[in-house]
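Handing you this structure, nothing more for now.
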Amino acid sequence: MINVGVLGATGAVGQRFVQLLAGHPWFNLTTLTASERSAGKKYKDVVNWRLDVPFPEETGELVVRPTTVESVKGLDIVFSALPANIAGEIEIAIADAGVGVCSNASSHRMDPDVPLVIPEVNHDHLGLIDVQRDAGRDGFIVANPNCSTIVLCMSLEPMRSLGFSDVKVATMQAISGAGFEGIAAMSIYENVVPFIGSEEEKMEREPLKIMGSFDGAEVIPASFTVSASCHRVPVIDGHTMAIWMESAASVEEAVRAFSTYKAPFSGLPHQPAHSVLYLDSENRPQPRLDRNRGDGMTVSVGRVREGLRYITMGHNTIRGAAGASVLNAELIASKKYL
Amino acid sequence: MINVGVLGATGAVGQRFVQLLAGHPWFNLTTLTASERSAGKKYKDVVNWRLDVPFPEETGELVVRPTTVESVKGLDIVFSALPANIAGEIEIAIADAGVGVCSNASSHRMDPDVPLVIPEVNHDHLGLIDVQRDAGRDGFIVANPNCSTIVLCMSLEPMRSLGFSDVKVATMQAISGAGFEGIAAMSIYENVVPFIGSEEEKMEREPLKIMGSFDGAEVIPASFTVSASCHRVPVIDGHTMAIWMESAASVEEAVRAFSTYKAPFSGLPHQPAHSVLYLDSENRPQPRLDRNRGDGMTVSVGRVREGLRYITMGHNTIRGAAGASVLNAELIASKKYL
Amino acid sequence: MINVGVLGATGAVGQRFVQLLAGHPWFNLTTLTASERSAGKKYKDVVNWRLDVPFPEETGELVVRPTTVESVKGLDIVFSALPANIAGEIEIAIADAGVGVCSNASSHRMDPDVPLVIPEVNHDHLGLIDVQRDAGRDGFIVANPNCSTIVLCMSLEPMRSLGFSDVKVATMQAISGAGFEGIAAMSIYENVVPFIGSEEEKMEREPLKIMGSFDGAEVIPASFTVSASCHRVPVIDGHTMAIWMESAASVEEAVRAFSTYKAPFSGLPHQPAHSVLYLDSENRPQPRLDRNRGDGMTVSVGRVREGLRYITMGHNTIRGAAGASVLNAELIASKKYL
Amino acid sequence: MINVGVLGATGAVGQRFVQLLAGHPWFNLTTLTASERSAGKKYKDVVNWRLDVPFPEETGELVVRPTTVESVKGLDIVFSALPANIAGEIEIAIADAGVGVCSNASSHRMDPDVPLVIPEVNHDHLGLIDVQRDAGRDGFIVANPNCSTIVLCMSLEPMRSLGFSDVKVATMQAISGAGFEGIAAMSIYENVVPFIGSEEEKMEREPLKIMGSFDGAEVIPASFTVSASCHRVPVIDGHTMAIWMESAASVEEAVRAFSTYKAPFSGLPHQPAHSVLYLDSENRPQPRLDRNRGDGMTVSVGRVREGLRYITMGHNTIRGAAGASVLNAELIASKKYL
């Protein structure tokens, strides 16, 4: 078994990590960290469990530690659900101390030597781990992209061989993306908020790195562009997106690409049967009905039309956050980077 | 006073017509029609008033008539809130019988001799009334566009002099657009439905006629294109849209165009102080907070960004339906077409 | 294996039956019925699957039959998700033809010889099956109560030995209780509707039969009274209730009764670990967070206060409908009534 | 004109005060206070206006002052929208400095010499102002009750002459009652929270004072009891309540009492045509459809049934908060207490 921990285990993404790691077939969850205030107490006594899945009772008995290098030294991997303003320094210190960091934080996503990975899209970028090690780091940092970026890129991957450019994407994002306390009910109920701080910038920047090519030393960014318009809607989980792209592909070719898409690897515990699933109905995907496909790890696509236009949707706190990091770690473990 | 009636007065749009016409300074609401089942009864006894504004008690005393030519003969104007499958024939018969028809139905919107009018955008298209009369019609049919088309075109109008083409629009539309019973709660609550029947087609077709040029005999369609992706979101009233366009205009020029826009006429009772209002805040417009600006007749614009991208939002059953028809009728009355 | 079918398999409760029966360890789901329009087609081609759990692919291959006696003859048990206006006659005919009917319909709930059963509360009432058989019926009809009644009575059961009378209950009921198309979004979104047709009557009548005593021949109704006020709130699944009762029990005694409650039997496949679960937090139970406890079969109780007052909540379409019937059937099978 | 100010003018209730006082026929709004951070700036530059009614532009020009005695000295009345932890001391200091304080805060509601007033219910309690003045206070403090208490007591008032006791009330309360930022969307969306801090205590304590009798020196509490169960539901504005009471009155007598109820005074600017309005429909009142009756000042009642049971609903931030204080001030002004 591989010993793992979660940094920032009490928040919305932290709880998702705990949900996905409790009972994991490869990973042994031994360590949870949180703020000083919670340190020294049992997880069950400090967490306000707000997921609609059962609380993992055995994990509840773990004693929470402060978020320090000492707390996680000796672990094989830590999953970081830290806020960006804290994650920056501590993730580096932990990686330098010999621990692998699979991070959901945005702090190091654009660092040249940090792979920004979606397993189905750019698993070869993990080669940057060797670059980190050559530079003297004992552990590593591997980042997963922003939630919206992940859903977008998963839907772009089947189109890669058909060719595309000039992507425009309008998002309808779920409130869970802002954390349990991030959005007041008076702000979003019976409403749309057409702005999410830094989200458009992330969606326009991250895909070029993710879908860029790794030459063994660095990532050459992809050459398409993304123009994003990001909106919050009253949905609990599941980011829905309307996408346009320039492409020589016909509707039929695109539907075939989505329908026949297969991930380039198999056998990882959190890998769904369909990483991308094409839904034929005229009014799908829908977040409430489709977000739990593949236990939240499947990205659904539908309504390919001339334009070239389509709809995509994925679970933002599973596929788009905690599940993304866990799948990255499973890929890393399968590739013997530990 | 100008005597007016409402065809289909008990539905969602019909009730909005009654709300806007009760106590109107120019129009005297004398006639309400509904299905045979309701005919002969007082309006207050057949309508299930479901708006959140007070029921106009005096109008409630009107005896509902069947939706026939006889019921409205002699009126100056009737407002049609009929469903499209009924509106087609009866609107022609009523217009031929000498009554002006201001219709919210889609049936005749694309008829070559029917003006498809948004007063601020193409009031000159009312010249088609003369074309109708030259062809022997005593009354007239004037249509207003689909609710989403209206909000879109209102936001395009200030950009007209700056020039634009290749419009892409992703809508987040309110549930009231489907009528009181149109969408089940189980379908849309905590959900997004990325499909609205025929909506994308209307949004791609109608703007070209509306923003086309009238040469005295016919309308030459505008040459830009619209590519729409339409989505229903859990909002009661107010359609929000993310728009991209090709334009040589800078962000500053576009903001100035929206901020300084003035309607080409003034003095109509339902004309708001600002037909288009530019909102400076980073997260506006929002449907719940901004839809009632100008008593529901103002279309708000915000977040102009490079791309060229912006957000627009308008009240779909007031500016986008009943209010649109009433403003058309006010314009017609002011131009002495009656 | 026991061969079973579902009557009315395409609606909201019908789909829940299919979800619970697909892969059932004791029951072999062989037959699905629906309206004539769907008969002869594969289930997957006629059902509009609208649950947020995966569609059971193998069941989708079953060919739907019309809802007739012939369609289900020879089965051991059929589960009825029929509307009350259809269920009345056909359920009798099917039971007379030798098939056991576990019905969620209200038609026969108050029939003197039909047991109205919640396994944890009155499993002994199944003795009425013998009364039915003595009267010449080859099969049987066993009804489960109305969804709200079930949640209420589950919470009353632990209080039975402490004694209570004069129950007052205010419900906050989920929209799924009205079926997929039962409530328009414009009716319930951002709203409360303080009326549900026939619901208060059912909640005041059914508990007296359920908690009555069976003397081997008939059920003597319980002597407490229920006064209900029923309200619909914008929640997808999960009925929440505020309950007052006259009781000599102290708060501590009631909390102990709820906390230590154990079902009078064990080992049924759909029986949860806790049929009634007492939650200590000051603000629980909550439908979105607690409805899936025990896979939707656990009824949660919280906030016992002087008065005697408490809150209870349960999943209305699982514990309160399809799951209730399935648990009844499991109890019947375990008692060798087949 | 009477010069007035608002303490705590930027919050949810503070904004409602500004809405109701802008353009008031008797009151001249000259002073707005807020935290030190906002002091010295124009109101329009510090307020994040989040009501769905237009921002009163002229009031926006007022320069915000710190919440101190000096800021409001010389005013006739100040309206307090302060949080309870701040209101306690400063309201006394302001009243002692000769200013009348109409407070929505809970701090002094139960003080023996502070009238807790709902004009239609206990306007005679204003006599306690004389008691305050006899004790040396130059100004006065008049409190309005908690939002839920007001709606409850308004509905109890027409029943007073018929007699009642043993009130049980289950509330379904709107999220605006907790302020703009008070409740996270992740907490209440698609959910019910069966707990509101201190709310049940307020509802059980305040009505006895309000409906008590004033003997010229003090208020003798009423002798009925209230047992409350308070719940938050996903509604923006409007508290709905299910009420039971012991009463010898028949359903018909109660309906007549509600239907014929008339306020004991008239002519105040914010007094609605119907302080209590009985709605005949089987499914009313509903918050979204009925909360704006009487510009938010009418409390609606419906569904009187045996039990004695009924439903009541009122706008919590207008009738239940800012409007309550303003109506109190209008009553005070009409009685020449200034």
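Some observations on this one:
Just so it is clear, A, B, C and D label the chains in written order, and each chain counts residues from 1 on its own.
Keep this in mind: contacts are C-beta pairs under 8 Å (C-beta built on N, C-alpha and C of every residue); 3 or more make two chains touch, one makes a residue touch a chain.
Given the structure is predicted, the values throughout are model-derived calculations rather than measurements.
The minimal number of chain-to-chain contact steps leading from chain B to chain C is 1.
Comparing mean CA positions across the assembly, the chain most remote from chain D is A.
Where chain C touches chain D, over half of the residue numbers in use are shared by the two copies, so each contributes mostly the same positions. If each chain is reduced to the centroid of its CA atoms, chain C and chain D end up 42 Å from each other. Distance between chain centres (mean CA atoms), chain A to chain C: 40 Å.
Among the residues of chain B, those touching two or more other chains are numbered 50, 189-190, 234, 236, 288-289.
Within the complex, the chain A residues that touch chain B are 168, 170, 172, 189-195, 200, 227, 229, 231, 233-236, 238, 240, 242, 244, 282-289, 302-303, 305, 307, 309, 311, 313.
Within the complex, the chain D residues that touch chain A are 12, 50, 175-176, 179-190, 234, 236. Those residues of chain D lying in contact with chain B across their complex are 50-54, 189-190, 236, 288-289, 291-293.
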